[in-house]
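In what follows, chain A forms one complex with chain B and a second complex with chain C.
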Partner chain A sequence: MEDMKVSMYQLYKDMLTSYLEDKSEHALYHAQQFSKQMMEQDMSPEETVSMHLSVFQDIADDLPEEVTDSFDLLLEVMIGYGLAYREHQSLRDRQQELESELNVAAHMQRTLLPNKKIEIDALDFGVVSVPAGKMSGDYYHYDIDDRGNFAVAVADVIGKGVPAAMSMSMIKYAMDTLTDKQMQPSVVLESLNRVVERNIDDDMFITMMYGVYHPDDHYFYFSSAGHEPGFFYTAKDDTFVSLEAKGLVLGVSPKVRYEEQKLKLDPGDFVVFLSDGVTESRVNGEFIEREQIVDMIRERLHMDSQEIVNEIYEQLEKAQEFQLRDDFTLMILRRKV
Partner chain B sequence: MNLDIQVSEHENKNVAQVSGEVDVYTATKLKETLTPLAEQEDKELVVDLSGVDYIDSTGLGIFIGALKASEKSGTSLTLTGLNSRVKRLFEITGLHEVIDIDSTKREEA
Partner chain C sequence: MQVQTHVDINSEWGIVAARQAGRKLAREIGFGSVDQARITTAISELARNIYLYANQGQIKIEEVSAGGKQGMKIIASDEGPGIKDLRRVMEDGFTTSGGLGAGLPGVKRLMDDFSIESEVEQGTVITAVKWLR
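Coming up: the complex of A and B.
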């Protein structure tokens, strides 16, 4: 450490001497490099001022007393800056620590989401889910059960960020405890509601839509726990209708029954699940209308599901100047043949 | 956007008149006002939302908290003056089945 100070002293002395001799741009450039080095070595502003004075006294023999004394005043003034600088340093370190902790948590959270490819001939499936910040309060799920039925779900925890993300993992773990026999939408939601109601704050809740597609007879069964309605598209009539089922949000009341709806999917028909990050996108300060989302899907009917959700996400992200206000999840499940 | 809450006390009920946006930024203020009112055992709570244009999900959570508090204190919570957008939110979430919503006032907008 002492050696370092000595070498900084020498460096500064050379620099100042050279500058005083020819006032060259070159010496000024060195000074910029020097200030970077100072920061790397945690030299405070007041240390620099005091070094300047010592170097100056070293190379100029008889400095007027006023000049030397004036540096005492400057030193006092710089001490305040020095304190602020050190505080800034320690906040920056702390922030980097938090940031890396959050990155680990965000990575962990992503591992809770499914990522396997779906291999059902009759199905064309696509999903996009993007958090507004690092952590997401949206959760989505898809899986094939032992009977070959395909289950999908989208859940949205109120709020966003870390608290929402922690509640989200509760849904994932509670779903993992369900057996295939319980994969009936109303039963799944009733059982999750019991878990959530016991484990969530009084003013928090989770909304969720859960559906199961049976490839043998092409029926799609679904239930909703107060979730933003999705859409159901019928290819024969070329129409979209709202995908709605009655049911209270999860976490409010311990005993809730969920209505279960069923739809027959003909070839080309599809269902859309989404989170309110999609419907509450604001374009030019105005909330997007559900019809606008329908129009965006309609323009892309010829694409496969994954392309449709990707493009809609990109378009809405761009419309919001790449700054999502809420976690965004959009999912399409289409019967191909 | 600000949130303004005026509370008036009546013989057997408290009425809170709310105006502004109830969202993640103003939810704490609403909670601090509503929770003690909902905890009062002898008075029911009426929240007039005539002046509210927008409620987000965090805001909805505050009403759930108030509902639970009023259930504990054995009183009731009633919401009035919901505009159509706010009303739709309570309907989608199924909360209109558990919270008493008086729709005699204001259906337009």
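Coming up: the complex of A and C.
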């Protein structure tokens, strides 16, 4: 440590001597580079000021007393800057700690999402879900029950970040406790509503859309808890209609009934589930219209579901200059044959 | 007999007197100019805290030696309201963001050893030592 200080002293002395000789930009450039080295070695502003004075006293004869004395004042002022600098360093370390804690939490959260491949010949399924920050308030789910029915869901916690993410994991655990017999959309939402109502703050809400596809007869049943309406595409007419069902958001009231709708999916028909992060994407400062999302899907009807959702995400991400304002989830379920 | 000085803090003059006494002793013990300024700043902050939050109290400074090392000890004591949440006041960014200066984390950084005892409604005693290197 002391050796290092001695060598810093010598370097600074050489630099200052050379600068006083020729006043060159080159010497100043050296000083700028040297400051990085000083910071690397944890040299504080007050030590730097003190070193400057000692070096100066060393190379200049007969320094006026006022000059030397004036450094007392400068030193006193620099102590404050030195403290601010050290505090900054310690806050930066703390920030890195928080960041890595958050990374672990975000990783845990991702493991809550399903990741298995869907192997139902009649189905073409794709989903993309991207958080605005590290943690997501969106949740999606898909699963095949014992009878071979395929369940899908998208939920959106009102709010973002860590609190939203914690509520989201509650939805996941609550869903895990449901039995296959309960996989009827209105029943699922009713029981989730009870869990949410009991377990989260009054000022937090969760919206959700839940649907089940029956491969035997190709009916799709769904219910919504105040969720952003999805879309239903019919290949025969080449039209999109809004996918809506009446129902209150989860967590407001303990006893809520959810309307259940059913649709027949013919080959080529599909349903789209999404979170409001999709419809609230802003392009040039304006919310995009649901119609624009329909257009984006329509341009890609020839692709498979996963490609469609990926491309739409990429396009909207780019249009927003890679700054998502809200968690983004988009899901497509298409009957192939 | 090692040097000991008491300064009563009940006005800004007291703060200046404590600084002066601290700087003088630091110089006598042999601290360099940077450490003198650090010790003085620490005394200043401790004395200001007394003045601002407890109205009055005392700064004691003394020469210490242990294990062949020489140093200087500052003891700041008051019978003021005490500190309820010590962990909070020792947190970076807590006091400084309120514009209260270096705060206790700053004093801790300026010195080598630091300890604090505080009892609500009873008062606070802060002890800090700087060792000569």
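Just so we're on the same page, the second predicted complex is superposed on the first by the 290 of 337 C-alpha atoms of A that agree within 3 Å, B and C clash if a C-alpha of one lies under 4 Å from a C-alpha of the other, contacts with A are read in each partner's own complex, and residues count from 1 in each chain.
Throughout what follows, a contact is a pair of C-beta atoms (placed from the backbone, for glycine too) under 8 Å apart; a residue touches a chain by one contact, two chains touch by 3 or more.
Everything numeric in this text was worked out from a predicted model, so none of it was measured.
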Contacts of A:Ile158 with chain B and chain C, given as first, second, both or neither: first
Contacts of A:Asp276 with chain B and chain C, given as first, second, both or neither: first
First, second, both or neither for A:Pro229, with chain B first and chain C second: first
Chain B versus chain C as contact partner of A:Thr207, first or second or both or neither: first
Which superposed partner A:Ile312 touches (first chain B, second chain C, both, neither): neither
Partner chain(s) touched by A:Ile79 [first = chain B, second = chain C, both, neither]: second
Most chain A residues touched (candidates chain B, chain C): B
Touching partner for A:Val249 - first (chain B), second (chain C), both, neither: first
Complex contact set, residues of chain B against chain A: 24, 31, 56-58, 60-62, 64-65, 67-69, 92-95, 97-98
Of chain C, residues touching chain A in the complex: 32-34, 37-38, 40-41, 92-93, 96, 101-102, 105-106, 109-110
Residues of chain A defined as touching chain B within the complex: 156, 158-159, 201-205, 207, 225-229, 246-249, 252-253, 276, 280
Interface residues, chain A side, partner chain C - complex: 46-47, 50, 53, 72, 75-76, 79-80, 83-84, 86-87, 90-91, 94
